[in-house]
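Both of the next two complexes hold subunit A, though its partner changes from subunit B to subunit C.
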Partner chain A sequence: MYKVKADKLKEVVTNVLNDVDLVIGYKQGFDAVHATPHFITSADQIDGLVWNPLCVHNLTTYLPALKMKKIGVIVKGCDSRTIVQFIQEGLVTRENLVIIGIPCTGVISVNKVLKETSRELLEEIVFDDSGNVTAVTGKGRKTLPLAELSPDKCRTCQYPTPLVYDHLVGDPVKSDKVPEGVYADIKEFEGKTLEERMKYWEQEFDRCIRCYACRNACPMCICQDNCIAESRDPHWMTQKMTLTEKFMFHMIHALHLAGRCVECGECERVCPMGIPVNKLKKKINQEMKELFDYEPGVSLDDKPPMFMFNVDELKIKEHKI
Partner chain B sequence: MAETGFLPKDKINGFLEALGKDSLVYMPVLEGDTIIFRPFSPEKNLCLDRPANSPPKSVIFPQSDVLFSYRYEKETDDPKKVSVKIESHTDYPKAVIFGCRPCDVMGFTVYDRVYIEANGPDTYYKERRDKTAIITLSCPVPSAGCFCTALGGGPANREGSDVLMTGLEKGFFFEPVSEKGKAMLSAPGMEDGARYMQEAQNKQQDAYNAVKKPFPSVSHTELSRKRFDLNEFWQQAVSKCVSCGACTFLCPTCYCFNFTDEQTLESGERIRSWDACMFYHFTLETSGHNPRPTRFERYRNRVGHKFLFYPEKYNGVIACSGCGRCIRYCPVSVDISEIVSQLRSPE
Partner chain C sequence: MPEIATQELRVVGFLCNWCSYGGADTAGVSRFKQPTDLRIIRVPCSGRVDPLFVVKALLNGADGVLVSGCHPRDCHYSDGNFYARRRLEMLKRLLPFLGIDERRFYYTWVSASEGARWQQTVTEFTNRIHELGPLHIKKEATP
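And now, the complex of A and B:
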């Protein structure tokens, strides 16, 4: 299945490459369990393209910086939401994009695979058509259903088929996950007391090394080189490694994504210190959904709530004089 | 007196507790799925299974370090005059790093040349370095991305450590490297290591053979300067880089820093904090000009510093220990060993 799709994908990319400056896809990375973004500018690079559950990255993160170029980009359902949000916010020019969508049946979490294989060096990983993953290490083989090795976002995925595309590689896939499940983890977390939650976040953020991988991998983090985390003017944050500063950075990251975060989970995937930073963003998205009945990146006709103003908001009680 | 030691597994806590009597002991601790160096306590989950996510470099070279604090004070008899009171912060405790890996220690030897030997001692660094003892664990198996042997190191490299430990079935074999290390052989619970020496040597050799070599070995003179200077090479190699600081902050050999005054109304602190050449602000000049405005230029600098500029200055020593963290934890799997291989292959 993956092989067939990959071959079809190569065909599509070969055609698309005639009309664009660059196609961004995936190729095999440094070991068996990592893919890596593949920037294709010439036909001889097309053969390196891969498509399988290792293709975890949200490649749209490169698009705003390449706004002036004509780009072909490969997207999964979840990634396509980013493009919808980009278009809503004017961060990309639709005419400059050729979107190659792939209906997705789930990707893997590298960390989950490593845990299941006792972090032995992986020699090979095989994805079969029945949805199983076989990981081969020097100590043996282990086969598990892909669903068990998927990142949390796949387990509640509502949009496996890209919402916007110019080419679709493979047949559309329908989600079999209930919409109520999306914020189940947040609701469960909210069952804890304030003190418990505070303690949890203090422990998690204490590990933060302020490397800003979460920020730089985030497609919606667009301040980038002008981030308040490093800026001296305004001087809102110090360069000290205190918990307060780490908290401040992550809170600002989360708040800047209110009604913008497409929940691709890249921030959490890339954190080298294993901090569950996506939880904060999901919490804020859940609030936005309740307040404004808005879900980021799902419809080109929507206007993000933070980009408009209504005198009377339906669910916000104003103080009337 | 015995020349080597053996510490049974169940004696580790006692050993660390004894070290803790006059030193601050740091050890790798498992928190969730992440291993991080933390001050010792018997309740914490000591984890020697694999290298820590972040090396223990901050023990000797803290990520943010208060160099001094200052306070502006008005003079009582003439309020127009303001004086500055400065207080230095250089009173560091003795420390021990337990369970460091050889590649992590190599980082300190890279810093030593810069902060102690070449430029006159940096007191903040030297004080801590002198007061810290390093107990290194030889790596039993390589992790994904490891390539220490290609850079002249190895899973049982002793350079920079005070003791090298090798994990055996029933405990740890101790080989002292320095005087500080020899003193540890008389620690409580320590046995004579002589009869474990062969087993340890076999383990070390097996580990050495298991590390992958992306290139046979490398010297800075073998890298193509022409290709290094070519913008197209870097655009091709690292256009995927997202320019975060994960590689730099997790790197045991990266030592660049920034100074900032973190001030409130009338008092403040001058701090030194890690900086990363991957960040836009790293080379941003006051005028607004930035000599390295693009991501590929910044990544080129990272490779250049480690594989060309540092060796040119310090007798050919390459400032990369091959720990593989920048490969393992890179958000987009940029592989520095692959890039160096490409720079090395004939033009």
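And now, the complex of A and C:
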């Protein structure tokens, strides 16, 4: 199934490459279990394209910086939401994009595979059509269903088919996950008391090493070169490794994504310390949905709620002390 | 004015220059008694108040934060407080998720003529912070 799609993908990219400066896709990475972004500028690079559940990256991250060029980009359903959000915010020009959508049947979390195989060196990883994954290490093989190895975002995925595309490779896929499941983890977390929640975040952010990988991988963090987390003027944060600074950094990231986060999960995927960075943003998204009936990155005609206002807000009541 | 505990707590207030700061001034000129826990920061407009101001204040030792601007439709810059209302409401709903009691943060609208309303707001808010006591957030990371 993946092989067929990959061949079809190569065909499409061959055609698209005639009209664009660059096509961004995936190629095999440094070992069996990693794919890596593939920047195709000439026809002889097309053969390196791959398509399988290792293609986890959100390739749209590169688009705002390449706004002036004509770009072809390969997207999964979740990645396409980023493009919709970019268009809503005017960060990319739709005419300059050729979007090659692939209806997605789920990707894998490399971390989960490594955990299952006790971090042995992986020689090969095979995806069969029945939805099973076989990991081959020097010590033997292990077969598991893809669903068990998928990142958390796939487990509640509502948009497996890209929401915006010019070419679609394969037939559209419908989500079989209930919409109520999306914020189930948030609701569960809210069952805790205030003290437990604070303790939880203190423990999680304590591990943060401030590598800023979450910010760098985030497609919506578009002011990276002028990030206030690193600026001396205004001096929002110091270089000290205190919990206060770590906490503050994550709050900057979360609040700058208020009503913009498309929940692609890149921040969590790249975090070397396994901090659930996406949770704060999901909570804000849940509130956005309730307050303004807005979901980031699903409709081209929407406007992000923090970019606008209503004179009479229907759902915001005045607070009493 | 009700008696409040002798220990002072840190309450930070972001007041818009045109209405609430004037309102606080009116309260002062009218010699209304007010609690002294509040430290006022004057901002051009409530729309200038980045929710991160509030977060930074709370993380760095404030026990409560108050934001006050012009009444909706009265903004000196015509729409600053409309934006502020959306942002601050979002923040108010996020704080409990972090484990911070949302009652430690309050945003309201006070006009320049409402000295009495200002006195009431400050007094009630300060009393509430005293009821809640100091906010403890761990500051140092595990070495």
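Everything below uses one rule, namely that the second predicted complex is superposed on the first by the 317 of 321 C-alpha atoms of A that agree within 3 Å, B and C clash if a C-alpha of one lies under 4 Å from a C-alpha of the other, contacts with A are read in each partner's own complex, and residues count from 1 in each chain.
Keep in mind that, in the parts below, a residue touches a chain if its C-beta (ideal position, glycine included) is under 8 Å from a C-beta of that chain, and two chains touch if they have at least 3 such contacts.
It should be emphasised that the depicted structure is a prediction, and the values quoted were computed from it without experimental measurement.
Three-chain overlay on subunit A, with subunit B and subunit C fitting side by side and no clash.
With both structures placed on the common chain, the touch criterion links A:241 to subunit B and to subunit C. In the overlay built on the shared chain, the residue A:306 is in contact with subunit C alone; subunit B does not reach it.
After overlaying the two complexes on the shared chain, residue contacts for A:230 are found with subunit B alone; subunit C is out of touch.
Legend: residue contacts after superposition of the two complexes on their common chain; A:196 is shown touching subunit C, with no touch to subunit B. Of the two partner chains placed by the overlay, only subunit C lies in contact with A:255; subunit B stays clear of it.
Of the two partner chains placed around the shared chain by superposition, subunit B is the only one that A:36 touches, whereas subunit C remains out of contact.
Closest C-alpha contact of subunit B with subunit C, superposed model: 7 Å. Common to the subunit B and subunit C interfaces on subunit A are residues 241. On subunit B, the positions that touch subunit A within their shared complex are 31-34, 36, 49-50, 53-54, 62-64, 141-145, 236, 239-240, 242-246, 248-250, 258, 260, 262, 271, 273, 276, 279-281, 325, 327, 329, 331-335, 337-338. Residue ranges of subunit A in contact with subunit B, taken from their complex: 29-31, 33-39, 57, 61-62, 111, 115, 119, 121-122, 203, 207, 209-213, 215-217, 224-225, 230, 232, 238-241, 266, 269-270, 272-274. Looking at the complex, you find that subunit C touches subunit A at residues 51-52, 55-56, 59-60, 72-73, 79, 82-83, 85-87, 89-94, 96-101, 106-108, 121, 124-125, 128, 137-142.
Subunit A makes touch with subunit C in their complex at residues 186, 189-190, 194-202, 206, 236, 241-244, 246-248, 251-252, 254-255, 258-259, 280, 283-284, 287-288, 291-292, 305-306, 309-311, 313, 316, 318-319, 321.
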